[in-house]
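Take a look at the structures listed below.
Next, two complexes with chain A in common: one pairs it with chain B, the other with chain C.
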Partner chain A sequence: MKLKDTIHYNWYKHLFVVFLLLVCVLGSAALTEADFSEVFENADQIGIFMGRLAHPDFSYIPDILDPMVKTLKMSVVGTVIGVLFAVPFAFLATTTVTRNPVVTGIIRFFLDIIRTIPNLLLAALLVAVIGIGEATGVLTIAVFTFGMVSQLIYESIETIDYGPIEAAESVGANKVQIAVWAVAPQILAQIASYTFYAFEVNVRASTVLGYVGAGGIGVVLNSSLALLKYERVSIIILTILVVVAIVDTLSEMIRRRLA
Partner chain B sequence: MERSTKVRQWLIAALTLAIILYCAAGLDYSGLAAFSPSMGMDVLSGLMKPNWGFVYDGSGEDLVSLLLLTIGIAFLGTAIATVLAIPVMLLSASNLWRSHPWVARVGKFVCNVLRAFPELVYAIIFVRVVGPGPFAGVLAIGVHQIGMLGKLYTEEMEAMDEEPVEAVRAAGGNFWQAMFYARVPQLMPIYTSLSLNHFEIAVRSASTLGLVGAGGIGAPLIFAIQARNWDQVSIILLGVILTVFLLDLLTGYIRKKLR
Partner chain C sequence: MISFEHVSKTYPNGVKGLKDINLTIGDGEFVSIIGLSGAGKSTLLRAVNRLIDITEGEITVNGVSVTKAGKKQLREIRRHIGMISQNFNLVKRSTVQKNVLSGRLGYYSTIKSILGLFSKEDYERTREALESVGLLDRLHTRSDELSGGQQQRVSIARTLVQQADVILADEPVASLDPITSRKILSDLQKINREMGKTILVNIHSVEMAKAFSTRIIAMKSGEVVFDGTPEELDGEALTRIYGRNILEEKEEEADET
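After this line comes the complex of A and B, so read on.
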C-alpha cells in the first residue's frame, strides 16, 4: 500500500461516498414517508402483539403437524426436481463444457432472469395460472431451486481441475463424454452438498408460500394471522423454528461428511 | 472392504430414492386437474402484450414511481439494519468477550430470534404499529436484516486475522484503538460487500411485502394477478425483473471495485 492510497490523501473521495449515501438515505426516507416517532408512539402495539406471542397455544400442535410434514414433503420433491433440471443447464452455462460462448451466454442470461423473480411473486403467479394447491408449491420450489442451484453448480464447474478434461480430449472424447467422465466426477460431491443447502433454504421459504395459497404450513400461518389468533401464530412459528433447526443441523452434518 | 462400501453406497442411494418417492406420493395433486391448456394459452397471450400505458402516467401510482418506492424501502431498510447490526455484532462476537463468553451467547441468541420470524410476519406486525404504507415495509426489512447482517458480521469478526490486533495491543493500544486501527480496516470491505448483497435481497423482498399492505410494487401486482389482468401483470413483472437485474449489475460492479 502506497502512502497515496491512505485515507489522508483520498479523504475527498470518502467524503463524497458518505455524502452520496446520506442523500440516498434521506431520499428514500422522504419517499417512504418514514416517521420514526410513530414507532415509539405506537410501541404499545408491539407490546400487545409480543405479549400474545409469548403465550403459545400448545394444544394446537396436533393440528399443525400434518401441514408441517406436507411442507417438508413439498420441499423434498421441489428440491429434487429443481436440481435434476439444474444440472444439465449448469453444464451448458460453462464454456468448459460447451466451448461455445454464444450458447453459454444465452443460457446464463436465461438463468439470470429466472433468479431475479422473487419466489413469493413466482408462487402468486403460478397459483393464478395453475390454481391453489400443493402441486403449485412444489413447482414454485422447483423453479426457485433451479435458479439458485444452477448458478452454484456452474460456478463450481469453472473452478475444476482441467487435467482430466485434457486427458479425455486427447484420447478423442466428445463433449458429452467429457461432461460425464471428466467434469461430473469432480463436482458430484458439491452438487449433493448444494442440494442439501437448497433444501434448507426451501424449507424456510416454503413456510411463507402458503400465504398466496401454495399449500403447506404457510396456509395455516396465514389463516391464524388473518383471524388474529396470535397464540396460534406463535406456536406455528415455534414449530417452524424447531423444524428448520433440525433440518439445518441434519444437512450440515451430511454436508460436512460429503466435503 | 471394497465390497462393503459398495453395498453401503447402494443402500444410501436406495434409501434416498425411497424418501423422495414417499414424499412425492404423499402430496395432493388434485389442484393440477383444474388446469387446462387453453387457460394456460390465455395467460401466455396476455403476458405477451404488456400494458405499456402503465409505465409512467405521472399519477404517482405508475410503474416507475412504484419501483422507485420499492428501491427506497429496500435501501432505507438495509441502511437501518447496517447501522443497528454493528452494535449487535459487537455484542455477539466471541473474540471481543473472551473473559465473559456468556455476553456473546446472549448476542447470538438475539440474532437468531430476530432472524427466526419470516419478513412477512414482521411486515404484518409493523402494519399494525405504523399503519399500512411503505414505512411498515422499511421497518420489516430493517428488523429482519439486523438478524441476518448481525450474524454474518459476527462470523466475519470471529474469522478475522488477529495478528494486527495483537500488534496494536503489544504497542500499548487500548481496546478501541485496536478496534479502529486493526479491526475496522480489515472488516470494512467485507461488511460493505455483505450490506450490498443484502440490499439486493431486500429489493426482492420489498417487491413482495406489498402483499400485506407494506407498500411498494407488490400490492398492484397481486391485485392484477387476482383480477387476471395479464397485460398489467406482464408489465409489472418486466419492471421488477429489469430493476433487480440492473441493481444486481450495479452492486456487482461496486463489490468488484471493493476487492
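After this line comes the complex of A and C, so read on.
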C-alpha cells in the first residue's frame, strides 16, 4: 500500500501546518519577550499558594452566601432583560418577516458590533459610566445576553417552515401577526432553551464581573486575593464551582426536556 | 367573480410564468386547473391573492382590483380568499384550534391577536368548521399528531372560519393517497355545493379533475390551452395538453392487468 492511498496522502500539508504553528508560537514568544524559565523559577511561590488553597476556610461560607446569591440574581435579571430585547431584534435581523434587506443589514451590523465587545471591557465601561454596583452587573449581563441570544434566535428563525407564514399572509395577517402566530410558535422552545443556555454562561461569567466593580461574588474574590487570604479565595472558588455545576446540571436537564 | 385581463408574469430570472391570460371565473364554480409541472398552475393561483405580483394586466376579485390594491386593501381582499396547499401550511407545534382560529387573523387588530383576545363567535366558528370536516374531537390536539389527510382538513377548516368566498387550493392532494385525496376533494365539493364558495384547485389527476369539478382549465407553458366542461375534455384535448392521451393509456394499462 502506498502512502497516497491512506488518509495520510496529504502528509506534506499536515507537516506544513505543524511547521506554521511552531513558527507562530516561537515567533510570538520572541515578540513578547516571554521567558518560560520564569514559570519554573517561581515554582516555590506556586507551592505556597497551592498549599494554602488546599485549606479552604469553611468558616467564611456565611459571608460569601449573600454575594453568591446576588451574583445569581444578577444573572437571572440580566438574562431575562437580554432575551426580552433579543427577540424583536432577532426578527428584524432576518428578512423572513420584514422582507426588508436594508433593515436586516443595519441590525446585523449593530448586533455584530455588540458581540465584539468583550464582557469584562463592557463591565469596565459601564462601571465608568454608571458606577460600581449590581445594576452595572445586570446591565453588562443583559447586553452580553442580548448579543449572544439575538444571533441564536435569528439563526433559528431562518430555519423555520415557511408554509405557515404563507398561510397567515394569505388570510390577511399583518407582519406582527405573522411574527407572533406563524413564526413564534415554531421557535419558542428554542428561545427557552437559549435562555437557559445564556443563564449558564452568565452565571459563570458574572462571578468575575465583580472584579471590575460590577457587584456579586467577584468583589469578595477580588478583595480576598488582594489581601492574600488564600484560604478564603479557596472557599470562594469552591463555592463558585459547586453553584456553577448545579446551575449547569439543572439548566441542561431543562433544556433536554425542551428539545 | 374573479377575472384575469391580459395577465402576464415574468419572473426576475426571465421565465414567463403566465402569458396573456384572460379568464372569468363565476361565483360558485368548481374549477380544476390541470397541466404538466411547470405549466404555470401555481403562478396562476398565487396571483389571485397576490402572493405573486403579476408583471402585466389586471386581476380583479368581486370587482376590486387585486393588482392595484394598497397594503390595507390587500389585507381586506385576502380575508375573503382562502388558501390551502400541498404542504397544509399548519403551524405543526400549535394545536388544531389555534391553527383554525388563525384564519380570523385578518379581522383582528395586532394587539388583540397578540393577546389572543378572540371573540366567542370566532371560537364557535372554529368548532363549526372543525365539525364540518369531522375533526371536532381533535380541537386540542397538536397538529403534527394528525395524519396528512386530517391536517389538510384542518387547513380547509381554516378557510371556513375565514369565511372566504373563494378558496384557492394548490395541489391539495398531491401528498395524499388516492382514497384520502377523494375524501378531501369531496369535502371541497360539499363546501362548493352547500356554501356556494368558488373553488380553484390545481390538480395532477385528470380523472379527479373530471370527477369533481364543474369546469376544467388546462395550462401549458404559461398559456391556457383548454377551458371547458369535464365532458368536453376528450382524448383530443388531452393530447393537446399532454402530448398524448393519458386517460386512454391508463385504461389500456388497466385492461392488460
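Rule of thumb we're sticking to: the second predicted complex is superposed on the first by the 236 of 259 C-alpha atoms of A that agree within 3 Å, B and C clash if a C-alpha of one lies under 4 Å from a C-alpha of the other, contacts with A are read in each partner's own complex, and residues count from 1 in each chain.
One rule holds for everything that comes next: a contact is a pair of C-beta atoms (placed from the backbone, for glycine too) under 8 Å apart; a residue touches a chain by one contact, two chains touch by 3 or more.
Since the model is a prediction, treat every value here as computed from it, not as a measurement.
J.: Just from the overlay, do chain B and chain C fit on chain A, or is there a clash?
T.: fit
J.: Which chain makes contact with more of the residues of chain A, chain B or else chain C?
T.: Looking at chain A, the partner in contact with more of its residues is B.
J.: Is A:P118 touching anything from chain B or chain C once the two structures are fitted on A? First, second, both or neither.
T.: first
J.: Quick one: classify A:A173 as touching chain B (first), chain C (second), both or neither.
T.: Touch status of A:A173: second partner only.
J.: Return first, second, both or neither, reflecting whether A:M68 touches chain B, chain C, both chains, or no partner chain.
T.: Neither partner.
J.: Given the touch rule stated above, what does A:L92 touch, chain B (first), chain C (second), both, or neither?
T.: After superposing on A, A:L92 lies clear of both chain B and chain C.
J.: Looking at A:A135 after the superposition, I want to know if it touches chain B, chain C, both of them or none. Which is it: first, second, both, neither?
T.: first
J.: Closest pair of CA atoms, one in chain B and one in chain C, after superposing: how far apart in Å?
T.: 7
J.: Looking at the complex, which residues from chain B come into contact with chain A?
T.: Going by the criterion above, the answer is residues 19-20, 22-24, 26-32, 34-35, 39-40, 43, 68-69, 71-73, 75-76, 79, 116-118, 120-121, 124-125, 128-131, 133-135, 137-139, 204-205, 207-208, 211, 215, 218, 221-222, 225-226, 228, 233, 237, 240-241, 244-245, 248.
J.: Name, in rising order, each residue of chain A that touches chain B in their complex.
T.: Spelled out, the residues of chain A in touch with chain B are 21, 24-25, 27-29, 31-35, 38-39, 42-43, 45-46, 49, 69-70, 72-74, 76-77, 80, 112-113, 116-118, 120-121, 124-125, 127-136, 138, 204, 207-208, 211-212, 215, 221, 225, 233, 237, 241.
J.: Residue numbers of chain C touching chain A in their complex, please.
T.: Chain C residues touching chain A: 49, 51, 74-79, 81-83, 85, 87-94, 98, 102-108, 110, 113-114, 155, 158, 162, 168.
J.: Could you pull out which chain A residues touch chain C in their complex?
T.: 161, 163-164, 166-174, 176-177, 180-182, 185-186, 188-189
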